[in-house]
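To keep things simple, chains are lettered A, B and C as they appear, and every chain counts its residues starting from 1.
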Amino acid sequence: MRKLLIGIAALALLTTGCKDRMDIESMSLSLLIGIDLDNENKLIFSASSPVFSKEAKIKEENYSTPAVTLRASRDNFDKTFMALIAGGKTQAILIGKSVMQHKGWFKLLEPFLRVPENSLNTRIVIVDGPAYEVLQYQPEDKPRLPLYIAEIIDTSLKRNLCVKTTLQDLRRATYERGITASVTQLHKDDRVIVTGTALLDEEGEFKLSIGSEENRLLRILQHETEGEFPFTFQALNQPKGEVFPENAYSFTAENISVKTKTGHTRNKFKFDIGVKMRVVLSERLFPFDVRKNARKLEHDIEQQLENRFKKFIAKIQKAEIDPIGLGLYARAYKYRNWKPVQDHWGEALSKADVNVKVKVTIAAMGAIK
Amino acid sequence: MNEITLMQYIFLIQGAQVGTGILSLPRTLAEVSGTDGWISLVVAWFLNFLAGYVILLTIRRYQDFTLPDLFNYLFGKWFGKLLLLPLIVYYACYGWMVLINAMLYIKAWFLPKTSEYMIVLLFAIPSYLIVRHGIRVQARYSELVFYMMMWMPLIFLVTLKYGHWIHLLPLFKEGFEPILNALPKTVFAYAGNEILFFIYPFLNKKQYAVHGLFIANTMTMLIYVYITIVCFVFFTPDEITLLNQPALSLLKTIEFRFLERVDMLFLALYLIVVTKTWSAYIYCTVFSTSQMLKKQDHSKHTLVYFIAAIACTYVLNPTWNQSERWTTMLSNASMIVLYVLPVLLLIYTFIFEKYRRWKAA
Amino acid sequence: MSQATEDRYSCSCSLDFSKENVHMLNHDLSQNIEKAKELFPAAPDLVVFRFAAGSQEIPAALLYLDGLNDKNSINNHILRPLMYEIPDDKPGIPAPTISGVRTVTAWSDVEKAILHGESVLFFEGKPKAWIYSTQGWPQRAIEDPQLESSLKGAHQGFVETGKQNIALIRRYIANKELRILEHTVGQRGQSKVWIMYLNDVAHPEILQELTTRIDKIDVDAVINTGELAEYIEDNPYSPFPQTITTERPDSAVSQLLQGRFIVIVDRSPGVIIAPTTFTSFFQSVDDYSMRWQIASFIRLLRFIAFMIAMLLPAFYIAVISFNYEIIPLQLLLSIAESRSRVPFPPLLEAVLMEITLEMMREAGIRLPAPVGQTIGIVGGIVIGQAAVQAGVVSNIMVIVVASTAIASFILPSYDMGTTVRLLRFPMMLMASMFGIIGIIIGFVTLVAHLTALESLGTPYGSPLAPFRWSDMKDTFIRLPLWNMVKRPKSARPIQDIRIGRKRPKEDES
């Protein structure tokens, strides 16, 4: 009796198994996805997928098509790609600026969040222009485009030229009322360049772009102090040169520690952010005796940084956004004051008092005096 | 000869408690009590330990009686069997429920096109090999699986680097009420003490039974609190209520250079841990039925149970919504079995023994 | 003959006149010889040597099977004294100078004696026969066992004579507690089987179980140890070996000292060690001769190799058919490129390569030594490379199959190695049907099976299944010998301690 049951079970397993099998060579992995809006505000989706056949000369295939939603566009891709589309390895989602100028575009990325097969680590990138142009770029001196784009974003992050926002980060910022999103910004003319970071508001609408220096300030305020933080300033109390900038100097900040204090007085929030950093000089174009007058140089750095922070914070307050995430601190430390304003935190922040104090210590000056 | 050691006793209880509930637990807690949800777990731990202690108080008097024997003794042959029946149904349904939950996870994450009953058949094969033997094999298996899978919670530490501890502040932001309201949601996760009725008689050092119970419940509590706090730290308070299984979504973001998609590997390995849970309940079921029918060997009953489970799955084709509804119903039943029944039994045995002594005098 | 010589020749056997005379020896020598020739009708190797014994020239005959007897013994120690050495003063026939002698009177005993290689001496007028143990069949010299070579251990292996094997073991344990029980198995084969154990260490219940099982065997003959092992094992359907078969005396003795039992089968160089546990198949004698850190590393390597040998092809199939998301993108792209040329589905490709490898392995056993090397190189390298070039298999598959093969050779026990080779295939099948979940289910089935399996009543999965912390000192790692004070609990020894006083600390004298 038992043997009979074992036989039946084995037969059942063998005959009805392997319905889920999908060999990798018969899959088209959509490694890059692009979303655009054309002139009539219709959605255009693009996908780029590697070709595995030895007989193909070009290693990528890409296609752009209009469709209702991202998932619906998959059918159109399947019509022309060699195999069935699979989304588990998408490296980046390129979104054209035209899309981000409207509110609520985040919903387009729903299938990536819902279907368990898809990855949450896809990088979200805004393209200054149409996304499908980047997708169709096939440089000869670079590896495959999806890998190339992933690499430049990752390496730019190491130097803090931009933020790296994965889908998980974007979802977090979008659904969290205390922080607004920031995404990497790309630009393509005849090469692909990472231009900086784009800051969005609570509904996802594009507000402003910041360059690499302000990006570093943003990262410091966010308490994200990993990677390199090089700055180049022009000293205030040194003579400017005519042709060459003779008052310029550069340094790298290491060991940055940031503390945020939250307060609430007179009906508005007050944030005091203290930044401490140790600095290593990498370039100095004017004569200066660091051994004796280090304090002067440190003072210069502190002043310039504080000015820059002030300008940056004024910018984001004017735009009523909070990419720093001060809302989280407000909720954590002043919950009762947070509750009434939680649904329009950007506005509340624009009225708040945000002060940044910087303390700098020069740790090393390098090999020459 | 059919004895289990103290460590095996602890791992059996802990194995029966930690099942599929843990994956969605942070979300269900956050829905009711926000980021203070983890405090509910601590409160629930205390209540569960008390309930387990009450069970021990009752069965301590009858050191070698398993539940069927106990009911036989307390309520007579026929009434005892009658009272045992709903309990057998409870254990059987609970075991099947855990099977179905695991099946739904596997179907969603790994094998979307495979039919449900096929997956349950896959589960049944190793489970049959374990449950058909006595309690000792079951205990050895639980112990071995615990040691094999001990390292799994450590993976979550990788995500702490990207977490923000300030999500947890401020504590008790809405007061105590939400914390207490979340308690019913923890019942399904903590249910496991009821197998005490079946494993206590086999424990070789019965004087440590309470200590073992305490250690097992504490281990469960620590695991749950750990996972919940890690989820709360990583996900923002608004985000976590959107995710169906925060623990798995958390693991999705971990990437190593040699291994991506850690959540798939983790879920596949976690399946091994879940086998412990349903094996314990199915063992209780078939043990009771074979005791009721006066058979010593319950392997045929095990076979019947698994065939019935596969058949039910084939006929009912459970969906996620159905499974959540049944889980809620089962949690209500668990509350009765875990909290109400031991107290009633304790009072009844107290009166019963007094009556016996009075009759004998 | 005179009474004195009769006394000298008599022994404790009694003349049994109650049996029929037909089965008893006759007084007449010629009749006895005729009867003997009748018993062995088609046996040209039966030698019947008639001679005159002693100074009184009494007719006598010596019967033996040529080839089973030691000629030297017969000629110099039986025939010479009987035929040539005539003492001056003692009357009668001088006794042969052989220590193993007995007298019998029944024909069945004579038949048995001749068949077992003893020589039978008849005298005229005596209704009994003298049996001398002059056995001397062809034997091979003691050499290193082929399958279990060791670097630092003794280079002695068991031989095909049971008594010699017992002697080899007695050399290691010169202790009166070493007991031997003798059984006979097989109706036609009549093989002698000896159970050896240490009386104060081994558990009597297990001894009882083992003895019962051996006594229950009812077969024609047991030719090799492997057959006996199959008759006494607990679960014939399990793919795992439940007894160790070894040809090394030193490993057999180390198991004896842990409280296990050795079963020696006459005519076979392998001895059975029972009861065993799963982890004892990963231990080899060399582990204890190396430094413990190296030994631990190699032990861990063996366990990893076990996992690789069993799971790697299955994991590969699962990853490229079901769960591609797990591998990093770069690796995925290169695998996909090499797979795109292969026309077969992954399972077929894997099974094809594995079957080819298994065939090469089996062929290698039967090839004579000079040809074997060439075939190994030709088969392995050329065929593998050519297959990849032709596009029949992908090169990742070749790497996977090669690593699996190497990993399966690391296990010190040949039986466990063959088990792993076999278990690969169901795993691959499960992986090709259900992906990683299939592998997990297969793995859990194995674990469940190992947890429930027993070897002679002791748990097979020990020290993992009933988890024993103290036995862990010698499982995955090998702690220093002075750390392992007690015997492992898996064989249920009744005497625990095996190491005495502790090492002196520091400068303690």
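Heads up, the rule we're going with is that a contact is a pair of C-beta atoms (placed from the backbone, for glycine too) under 8 Å apart; a residue touches a chain by one contact, two chains touch by 3 or more.
Given the structure is predicted, the values throughout are model-derived calculations rather than measurements.
Peer 1: If you average the C-alpha positions per chain, which one ends up nearest the average over all of them?
Peer 2: B
Peer 1: Name whichever of A-B and B-C has more C-beta pairs touching across its two chains.
Peer 2: More contacting C-beta pairs are found at B-C.
Peer 1: If you take the mean of the Cα atoms for each chain, which one ends up farthest from chain B?
Peer 2: Following the centroid criterion, the farthest chain would be C.
Peer 1: Starting from the mean Cα coordinates of chain A and chain C, work out the distance between those two points in Å.
Peer 2: That gives a centre separation of 68 Å.
Peer 1: List the centre-to-centre spacing of chain B and chain C in whole Å, with centres computed as mean CA coordinates.
Peer 2: 48
Peer 1: I'd like the Å distance between the centres of chain A and chain B, where a centre is the mean of that chain's Cα atoms.
Peer 2: 42
Peer 1: Which chain A residues touch at least two other chains?
Peer 2: 13, 17, 20, 88, 119 - these are the residues of chain A that touch more than one other chain.
Peer 1: When you check chain C against every other chain, which residues touch at least two of them?
Peer 2: Residues 322, 325, 329, 434-435.
Peer 1: If you look at chain B, which of its residues touch at least two other chains?
Peer 2: 110-111, 114, 122, 125, 260-261
Peer 1: Can you list the chain C residues touching chain B in their complex?
Peer 2: 322-323, 325-329, 434-441, 443-445, 447-449, 451-452, 459, 461, 464-467
Peer 1: Can you name the residues of chain B that touch chain C in the complex?
Peer 2: Going through chain B, the ones touching chain C are 5, 7-8, 106, 110-111, 114, 119, 122-123, 125-127, 129-130, 133, 136-137, 140-141, 143-145, 147, 257-261, 264-265, 268-269, 271-272, 275.
Peer 1: Write out the stretch or stretches of chain C touching chain A in their complex.
Peer 2: Per the touch definition, chain C meets chain A at residues 320-322, 324-325, 329-330, 332-333, 335-337, 339-342, 345-346, 432-435.
Peer 1: Over in the complex, which chain A residues touch chain C? Could you list them?
Peer 2: Those in contact with chain C are residues 13-14, 17-18, 20-25, 27, 29, 31, 50, 52-54, 86, 88-89, 91, 117, 119, 144, 147.
Peer 1: Of all residues in chain B, which touch chain A in the complex?
Peer 2: Contacts found on chain B: 108-115, 118, 121-122, 125, 164, 166-167, 169-170, 173, 235-239, 242, 248-249, 252-253, 255, 260-261, 303, 307.
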